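You will see two complexes here that share chain A, one where it goes with chain B and one where it goes with chain C.
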Partner chain A sequence: MAMQTIDIDLNRVEGDLEFQLDVEEGVVVDARCIGVMYRGFEQILIGRTPRDAVVITPRVCGICGTAHMYSGVLALEQIWQVPVPPNATRIRNLCLMAETIQSDLRQTFLMFTVDFCNPSYQKKAFFDEALTVFEPFKGKCHLEALEYSKKILEVVAIFGGQWPHSSYMLPGGVVTEPTTRRIIECTDLVDQLIRWYERSIIGCSLSHFLSLTTADDFFSWLEEKPEHSQSAIGYLTRISRELGLHEIGLGAPNMISYGAYCIPEQWLPPYTAPQHLVESGFYNAATQSIETLDHQKINEHVRHSWYYPYEGGLHPWQGETIPDYIPSSDRYTWTKAPRYEEKVTQTGPMAELLIGRNPLTTSLYSKENGNTWLRQFTRIYRVGENLLRMHKTLMDLAKYTNDPHYEHPPENSEVDGAGFGLIQAARGSLGHWIKIKNGVIEKYQIVTPTAWNASPKDSIGQRGHWEESVIGLPLQDPDNPLEIGHVVRSHDPCLVCTVHLLPTGKRITYGL
Partner chain B sequence: MPTLMWIQTGACGGDSMSILCADSPSLENLLDSHKVDLLWHPSLSHSSTKKLKNTIQSICDGAIPLDILCVEGSIVTAPNGSGMYDTFAKQPKMQIIEQLAQKAEVVVAMGTCAAFGGIHAAPPNPSECIGLQFDKAEPGGLLSSEWRSSQNLPVINVSGCPAHPNTMTKTLAMLLLGMPLPLDHLNRPQAFFNTLVHQGCTRNEYHEYDIEEHIPGGRGCMFFNLGCRGPVTQAICNTELWNGRSSKTRVGVPCFGCTSPDFPLDHDLFKTEKLGNTPTQLPAGVERAKYMAYKNLARAAAPERVANKKMQP
Partner chain C sequence: MDYKRCRILCFGNELHGDDGYGIYVFQQLLTMSWPENVEIIEVGITGLNAMSYFENCSEVMIVDALTNQGKPGKIHWLDDNDILFSKIPLAPFEKKGEFQEKTFLEHHSHGMDVYFLIAAVKATVTPLPTITIVGAEITKIQMFVQKLSVPVMSAVAETSAKIHEYVTNCYE
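This part shows the complex of A and B:
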């Protein structure tokens, strides 16, 4: 039986990934997800003043720095038990929503839909339409996504000074007053985005679109009018389904969401059970139930990672990140393997909406499971929900413009201790675990959404989620496996990804 | 048709995300107006890494001319100078960059990481990062201090964490138009680095009258206590606004001096290092005794609306 090994490079914002697949008779039989870059951020933070985390950690990731800053600041607030005025949480949420919309738009139209324009699809009926809508720097949606993703980020600049990489969140609030000028400017931007979303992305009113609650509702809506079927979400859905993307790329059945957007009035000490606008939880596939999230059930394995080995998994507070680069062994990546109750778990917008009990997502998931199309659909669906949330957040700020936005931590409150900050970033669940000793950072462990999704095998040999999502996938043409590109990109690897193959010692490289 | 290649090394992708926010000119307009052949950009190219590998090979063979090479990210040299902590197709990125640089008409370091090492080079520098032609402010980058590109230019350092979007697109526009590009002592284009962050800061009146904040979240100046490096940092943040809207200092975030080779500073970033009552580092070129005298007079002259922080920055 001939076995091929396929290497896929994934160029992402946070770094680069390589995906190695074993293919037998045209079917993927094993996969190794390989992080190929190590930067050592957690070590850079050790010994620094705790507050510096809000300057250093946004720089972990150019596309979701706001989420990193937010996680870090929540962890510090938990350790110091300092109160946060509701206006501060409103402003933090507003900026995180803007960043998430930016990321969702760029991921969908600059990364995912570009694949529909692959010359290999030239003979497909959809090809000409795909070019008109999705072709890079020419297609309508590509150009509009560039324009409107830039525009929504102005909201972050209005409150945070700049995007990317500002540091306007501090323990105790945000530094920026919610002045009426800022509120009006942001409301205008959000309104422009809503009008564009209605016109181009869904082809109907946002309230009508968000009122669809079942799979049947959605599919009838799609066929109801040409405005719907020829909207961006219409093209995305029809082309994806013609390619069978609603039947592949399931991966790990368990899902995690840390909950999206702290409820402003309820983000208060003791911070033991934070409430979110979109609820947190763990979806246990075996029992088909959503369980209460418990961060103590999270651990990370390094059995197959280039870190100094330890037995089993360690909770992030006990975690270690000491590089131990041994290329010629069965360890193959710079990514650790996070697990929840030792279970392989995926995260992202689909997990966020399912665990948050969004009716349409729940219905689509029950009907067709967590497939490649649904993962991408929920990402662009979420943009609509977040635009409405931004509008409401701004109206709330307008009601309370004279309330405080920052409360400086009282003297002696900056004590030693351990804390964690959990956030839904654009790509899924992001956590920072911090320990402070003698007034400086003693330990800093970050578990990113991509670590959950792109994890390698763990101590007991369970494959990571991305690895699992391609097992059993038949490749129409192993020399040009377009299916892999769709599946992998639906997980939001941030940037373009490509494939090179290594059959029989001859290296041939193929692009997806 | 000028060619441009953008390669990421040890990076967060922030400079790529930043340049997508450029508005004067925007990246789209820049590429269109100058008919740039974008040979590669990791987030914008839809072509494959097969093409990337072939393109790299063709550039090295001299078959494809490379007019502008943009590098984003620190040069990762660990472990033991091998560069294997950051690879593309099993090859250390530092090696690929070195090969391409030899062929490029111009090499541009996009961001502080590529220019000086940046945040990844902060202690303990776990991945042994350096810049393209500098290690912080000193020689010791990937390329020697004497190194020059085909156009006889050193690496052009468009520093910033991230680099300012319009600083990047305007620098590229100047290169594409063949305009002269005078550089400062750190090889940064003077056109953007002969301005202080302080210039155009809307808190200047507070600075002028020495009304200084002691805790964050207020309206006053952040230079004396909160670590703001606006008066000592060269960048256009307050003369050409971020995302067309604002800047860190305008909203109340101190400038952390991210265009400087020593970014990030080793000490508490929200606290100003002081000598007695005044910052150790005074505004560029200022004499301490005269500055103290001026500050004392200034505070006495502060009108109530400023002293009571009635004015919205």
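This part shows the complex of A and C:
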């Protein structure tokens, strides 16, 4: 039986990933997700003063620096038991929501929907419509996403001075007070985004769209009016389903969410059970139930990673990130393999909404499982929810403009200890685990959303989520494997995607 | 446009050998004196996030490494159409691909790199500033090599002097 190996390079500004597939008779039989760049931030932080974490870790990523800063500061506040004024949490949430909306818009309209304009689909009935809406630098949504994803980031600039790689959170709060002028400027930006979302993305009022609670509601709404079916979410849904994306790319059935956005009035010492606006949890597919999240059940394996080997998995507080690069072995990536109760687990907007008990997501998941279309649909659906949350957060800030945005930590509070900061970044669950000893960082472990999704095989040979999501996938044309592009991009890698076939050395550019 | 403002954006990764060319030029430019309406900015490896730098100005100069342009160290002075619709690739994205006779969009539909940035700016920024690309042919990109090759290092001073001469004449 002839087998060929396809390498897909998934390069992006923040790091390099490749996806290597073994294909037999046109069907994917094995997959290896390869992180080709060593991150090294954990090692950089060892021996540094703990406050460096919230300045250095926002540089991990050019898309989700706010999320890293937020995780780092939560971990420090937990260790030092520092109280945080509600206004500080409101501002942190506001900026994280803006960053998430930016990522969701860019991933959807600058990355995922571009594939609908692939010349291979020229004979499909949807092709002309796809070009009108999604064609790069010409399609309506592509152009508008460029404009509005930039606009929403002005919220972070107003409170954080710059984006990306900002430094405005610190233990005890944030550096910028919520003046009336700042609140008005941000409200204007959010209102512009809401009007655009209603006009172009959903074709109806946001409140009406978010009131849809079942799959039947949604599909009826889709056909109810041309404004709905010809909205961006209408095109995305109809084209995705015509291509069968609601039937492929399921991957790992277990899901994790650390909970989105700390509740401002409740993010206070002792930080034993943080509450979130969107609930945290673990979706156990075997029992089909949402379980209480326990961070102690998280560990990371390095059996197939280029790190100094250890047995089984280690919790991040015990974790090691010592590079041990050995090419041409059965180790194949710089990414570790996080597991929850040793289970392969995926994360992202679909997991966030399902675990957060969003009724529409729950209904769609019950009907068709966690497929490629649903993963993408929930991402753009979440933009609407976050816009409303941003508006409410700004109204809350307006009520309490005279309240503090920072509380200086009590003297001698910066003690040794261990802590963690868990949040939902744009791509899913992000955690920072810190140990402080003798006043400096002894250990620092970052477990990113992409580590969950793009993990390699673990110590017992279980494939990572991405790897699993393409097993058994038939490829119409291995020289132009559009199916892989759809599945992989639904996980928000937003990566350059070039495909080449190793055996012949033939290299084919994939895309427009 | 009723005012003149020039921004010089220096791209590159100084940890990747010759890919750091733009950053070395940036450091040299900082040692020179400039007219008030000229800004010099190190943008590193950012792509789409540099869009704002194209707003409210009359000209943007992009300084970056180039490939497939001939002898290493040779300096080129191009406009945006040379980059978007010809065979000329900016260096960071040459490492994996084979650059054939295709347009920008045929090569780069998914990455938010410098190509993407220029195309996005042309599609959305009004009024559009003049975009000039100044670059030097490099030898190769080497991960985690913190120095330039000899010919590219030699091009840094000449590049900086040419930019300075041009900008000073236009904006002083």
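Criterion: the second predicted complex is superposed on the first by the 500 of 512 C-alpha atoms of A that agree within 3 Å, B and C clash if a C-alpha of one lies under 4 Å from a C-alpha of the other, contacts with A are read in each partner's own complex, and residues count from 1 in each chain.
Note that in this section a residue touches a chain if its C-beta (ideal position, glycine included) is under 8 Å from a C-beta of that chain, and two chains touch if they have at least 3 such contacts.
Please read these numbers as outputs of a predicted model, since none were measured by experiment.
Asks: On chain A, do chain B and chain C fit together or clash when superposed?
Replies: clash
Asks: Considering only touches as defined above, state whether A:L170 meets chain B (first), chain C (second), both or neither.
Replies: first
Asks: Check whether A:H405 is in contact with chain B, with chain C, with both or with neither, and answer first, second, both or neither.
Replies: A:H405 contacts chain B only, not chain C.
Asks: Does the superposition put A:P136 against chain B (first), chain C (second), both, or neither?
Replies: both
Asks: With both complexes superposed on chain A, which partner does A:G62 reach: first (chain B), second (chain C), both or neither?
Replies: A:G62: touches chain B and chain C.
Asks: Touching A:G461, do we find chain B (first), chain C (second), both, or neither?
Replies: It touches nothing on chain B or chain C.
Asks: Which of the two partners, first being chain B and second being chain C, lies in contact with A:P270: first, second, both, or neither?
Replies: A:P270 sits against neither chain B nor chain C.
Asks: Between chain B and chain C, which one contacts more residues of chain A in the superposed model?
Replies: Higher number of touched chain A residues: B.
Asks: Examine A:P323 and indicate which partner it touches, taking first as chain B and second as chain C; both and neither are also allowed.
Replies: In the superposition, A:P323 touches chain B alone.
Asks: With the two complexes superposed on chain A, say which partner A:F159 touches: chain B (first), chain C (second), both, or neither.
Replies: A:F159 sits against chain B, while chain C stays out of touch.
Asks: Out of 169-177, 205-213, 259-267 or 295-303, where does chain B collide with chain C after the chain A superposition?
Replies: Stretch 169-177 of chain B has C-alpha atoms clashing with chain C.
Asks: Is there a shared patch on chain A that both chain B and chain C touch, and which residues make it up?
Replies: Dual-contact residues (chain A): 9, 11-13, 37, 62, 106, 110-111, 114, 136-137, 143, 146, 150, 163-164, 494-496, 498, 509, 511-512.
Asks: Would you pull the chain A residues touching chain C in the complex into a rising list?
Replies: So the residues of chain A in touch with chain C come to 9, 11-13, 37, 62, 106, 110-111, 114, 136-138, 143, 146-147, 150, 163-164, 489, 494-498, 507, 509, 511-512.
Asks: Under the stated contact criterion, what part of chain B meets chain A in this complex?
Replies: So the residues of chain B touching chain A come out as 8, 10-18, 20-21, 23, 26, 28, 31, 42-54, 74, 76, 78-79, 84-89, 119-120, 122-124, 126-127, 129, 161-162, 215-217, 219, 237, 241-253, 256, 258, 264, 267-271, 312.
Asks: State the interface residues of chain A toward chain B in the complex, per the touch definition above.
Replies: Contact set of chain A toward chain B: 9, 11-16, 36-41, 43-44, 47, 49, 51-52, 55-56, 59-63, 65, 106, 110-111, 114, 117, 136-137, 143, 146, 149-150, 153-154, 156-168, 170, 172-177, 179, 185, 323, 325, 327, 334, 405-406, 408, 494-496, 498-500, 509-512.
Asks: For a test of understanding, state which residues of chain C touch chain A in their complex under the given definition.
Replies: Listed in rising order, the residues of chain C that touch chain A are 45-49, 51-52, 93, 96-98, 102, 105-113, 119-120, 122-124, 143.
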